[in-house]
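The structures considered in this document are given below.
Shared chain: chain A. Partners: chain B in the first complex, chain C in the second.
Entry: the complex of A and B
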């Protein structure tokens, strides 16, 4: 309660990444680094990828210090080598106060919004503005509340309200309005209430512990609180973090503030953005706001086309720009929307601005560890042999396929009323579900019996 | 009072690491601890001061209300005012203005204390190696600005 400073939770800026069911990366709790930024072999759900994690840790530090706003990082590596996991790890270790926005490269293609609009909205979602609200409140436990109604039945009521804290007690005279709101809130002796001095709004915090009785007939939701300490008239300061995008939305007049709830924001005029930028920088100069550059994570960045890339180039130059983290699993490939080939499918001029982190395939030991962590996450018990077999499968086919087998094998095991997944269960699901290479093998063998087999496979168009 | 855990943990920690070292070291630890304690005491004293001033402010407010409400049964222009341990009959109007002035002064004093308290809490945090509180040095938005932001803040 030091000087009544309360830091509220960030308004859900990042519900997308936070509220996850047992998703593919729900076991990631952070980057798994120690204080010296050295990665531990297995920690916080992260396994291996030591070099990449060390690099990500450095970037994380710089993000926390707010040093590298407007920089970009590319995480590149083969499929299933933990690129998204590292990004999630960064998101988790940033904590509640730094905005983190995640989107997949293909999400920006929509009929309702231009690509660049979707990108600029994502950019602005990733920038937080910290502001402070200051109110004078009267906070205390109601000792007595006395309301006198005039005998005639009409006319002004008068009343007295006695409030106390642990240190003092005082009597307030009540006017008509206050009496009304007190009766509306059903305030009675023993309640702990706050009164906003500026607006006169009354808020019930709960009932005082000293008034708790066993035989009191009270609703289940009655909360018991301590009698407030200190002075009666307090100053309450609340720090909020909002994203620039949220400010944009409430100020974009055609939408009204309802747009924020429906999620359908449409396009926001660039004039509005400029006005907001001007206002926010004015606030910053007056010491009323702090800018928190957050993180924008674009997965599958090779899905962006050349227009988006040139937009990114320009957007990174802006002084209100978050840290951009991108991930791709492509090698040298065509840049979408052009006929040029480029590493990672990203134009050279953008690549030049990036810090590139490479991830490498997992070793057998690491695969084993990851499978173990996933088993715990999915609540499946695995026998030692089954674990070995699964690791083998993970090495020979793909890690994702092996992870898929965990829950399916768990289900098979439960069907036969077993407690621990055995090798047979794994074998069964292995025969039930094909992995990618077996599937394509099967395709090649039985090509003739499928439909439309006479057409020779043309060159696949990837645009 | 419980929000400044200065006494317990720190002394124990300091004592453990310094006992086996030379007296120079223990002197340094003592100095450091004294400094922390002084800073903490400073904060606590200020907080108590605010509480006391607020109690006085509330008593003044009650007095003002009493003066206003007794306006009906007037006839005597003087009221009894308690100075120290003596009651003195004093003209109503001048009593009012006196309390009003006192009230303004109290308000000002509380404000100043609160402002100073922030710096002191920050210094204490700094001494204890705790991170500075976030958003501490911001100045508040004005009412109009807050009204504009309300739809974001209070969903």
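Entry: the complex of A and C
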């Protein structure tokens, strides 16, 4: 029995690790605030930056309220002080239903689309519309699932699913993906399920009352439901959220929906946008739809140029505008596209409309804490001394560099069959990989021996 | 009066006709953006298929809904789930004088079936005593003209694994169809291919 349990558990674990990769901010699950919006020192993957987090919490409340349109927030601070982390924290605490669109300042420069078009699309992606739509579903009690794997072990699986209601019974042929999702949901005979016809999404409603005597197959939270009545295929009203941009795309092309999947959306005419805006406000007045203003996050906002900034000035005044969060790590610098200097590389008139949140460098204790969280996230065990050394590195070089060393040191440690990363492992990777300042140092010393070093200007002239 | 409004809608619709492989194919574009496509047999003038499609709520194009004629087995576009070929297949296939539905591939004896007309729900229901098959269907032609449903018009038979259900067309429908047919024959249909298919 126990052996059986382990064999069935293994593929599950493998599935999970394949789906979720570890990103730079995957340890962040929220802003780490309590109910009174007071920041906790260490919570939900966030460490320190108390004032900034509290400020972000207030902004979050404003977004959740959904009343105020077109506010803009700037998160400013040195590199590696958690600006993107705070934005991610806001995104995580907003939940599934509020649109959160993130882009980097340089993403809007494209040959196929003008800068302002890219920005308008981003703005409209960040506004959600909750609307009722009719979809077709299949709802029934599972009589039998039969999945045949080919004898050779490779190739497509063949599956059959028999569903019934109180009135009828139908056998369905299943495709590969459907078989996978049925096994993932652990659907078995006696379950009452619904299958969304458009998306193929499976939802388990509970177990049928007629199977109430199968005690062995029951968990504590098993719900018993009646076997559905009538036809297996039904039309049902469901509420879902689409962004204004998605509605634009559907209406701007004849083939409609397909354009969403092909990815190439091109430019959208302003008349269509106006039509959609009119239609959406009509729906809102009739109570058919609800507008959910979301968040547009622009990272590295100093990469935008003066045209974009003046566009933003105007776009923020529209009542269909989301809350705009920007982040930058620049000080007083040139505004792109001009010769003027300005704080954060943003024109003063736009800066005047912003709420500015500042982040400050992490203290030693905070750095230590963040490294600990990252070690847990990356599944690396660190000895006490190694942790101290790494914190030191983080303080003297940069936090990012120290975080990079965690996984590499973890690998070195695993190669020597150790279980815990020791100071030696850290030393090893520290000598193997240069940090930014050591690399610059090296450049200064050995510049002469690099390629294309001598006589560069004259060579340029020739071409 | 209701019959009148539907025939007015038909008259107002933009109609395109095309004749290919022995079928007269007609495309209607109604003023609200709904499309209807019909196919008639050239020799007998019988309706072979009718499909409708209307704009979805968000403005995209919906899928074709088959009103009359064959339907595919696949339920989703990706073919991830489809009905097994051993299941009964339901389709509508009209004759000149009656609406007719066929359930193919259904082997149970004739006393298994119980077919009722529900005038309140405006639909007919096929039930089986062995709980293997159940189908609720509406008669879209009568719905469009807002004519009442009557149980006396319904009859059914079973032969060769097929259940055939007939509903006698009321005289309003017969008159409307004759008038429509005359209109359609007046439409100049191009003979082959879509090359110079008239759109006006």
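Operating definition for what follows: the second predicted complex is superposed on the first by the 326 of 463 C-alpha atoms of A that agree within 3 Å, B and C clash if a C-alpha of one lies under 4 Å from a C-alpha of the other, contacts with A are read in each partner's own complex, and residues count from 1 in each chain.
One rule holds in what follows: a contact is a pair of C-beta atoms (placed from the backbone, for glycine too) under 8 Å apart; a residue touches a chain by one contact, two chains touch by 3 or more.
Because the structure is a prediction, the values reported are computed rather than measured.
In the superposed pair of complexes, A:237 makes contact with chain B only, with no contact to chain C.
In the superposition on chain A, A:178 contacts chain C only, with no contact to chain B. In the overlay built on the shared chain, the residue A:74 is in contact with neither chain B nor chain C. Touch criterion met: A:170 reaches chain B and chain C at once. In the superposition on chain A, A:59 makes contact with neither chain B nor chain C. Once chain A of one complex is fitted onto chain A of the other, the partner contacts of A:131 extend to both chain B and chain C.
Judged by the touch definition given at the top, the superposed model places A:198 against both chain B and chain C.
Look at A:323: by the touch rule set out above, it reaches neither chain B nor chain C. In the overlay built on the shared chain, the residue A:97 is in contact with chain B alone; chain C does not reach it.
Shared contact residues of chain A, touching chain B in one structure and chain C in the other: 131, 133, 167-168, 170-171, 173, 198, 230-231, 233, 242, 246-247, 250-251, 257. Put simply, chain A touches chain C in their complex at residues 131, 133, 138, 160-161, 164-178, 195, 197-198, 200, 230-231, 233, 242, 246-247, 250-251, 254-257, 276, 279. Within the complex formed with chain B, the residues of chain A that make contact are 1-3, 5, 7, 11, 97, 130-134, 167-168, 170-171, 173, 198, 230-233, 235, 237, 239-240, 242, 246-247, 250-251, 257, 260, 283, 286-290. The part of chain C that touches chain A in the complex is made up of residues 56-61, 75-76, 78-84, 86-87, 127-128, 131-136.
By the touch criterion stated above, chain B contacts chain A in their complex at residues 3-4, 43, 47, 50-51, 53-55, 57-59, 61-62, 65, 69, 114, 117-118, 121, 133-141, 143, 145-146, 148-149, 151-153, 155.
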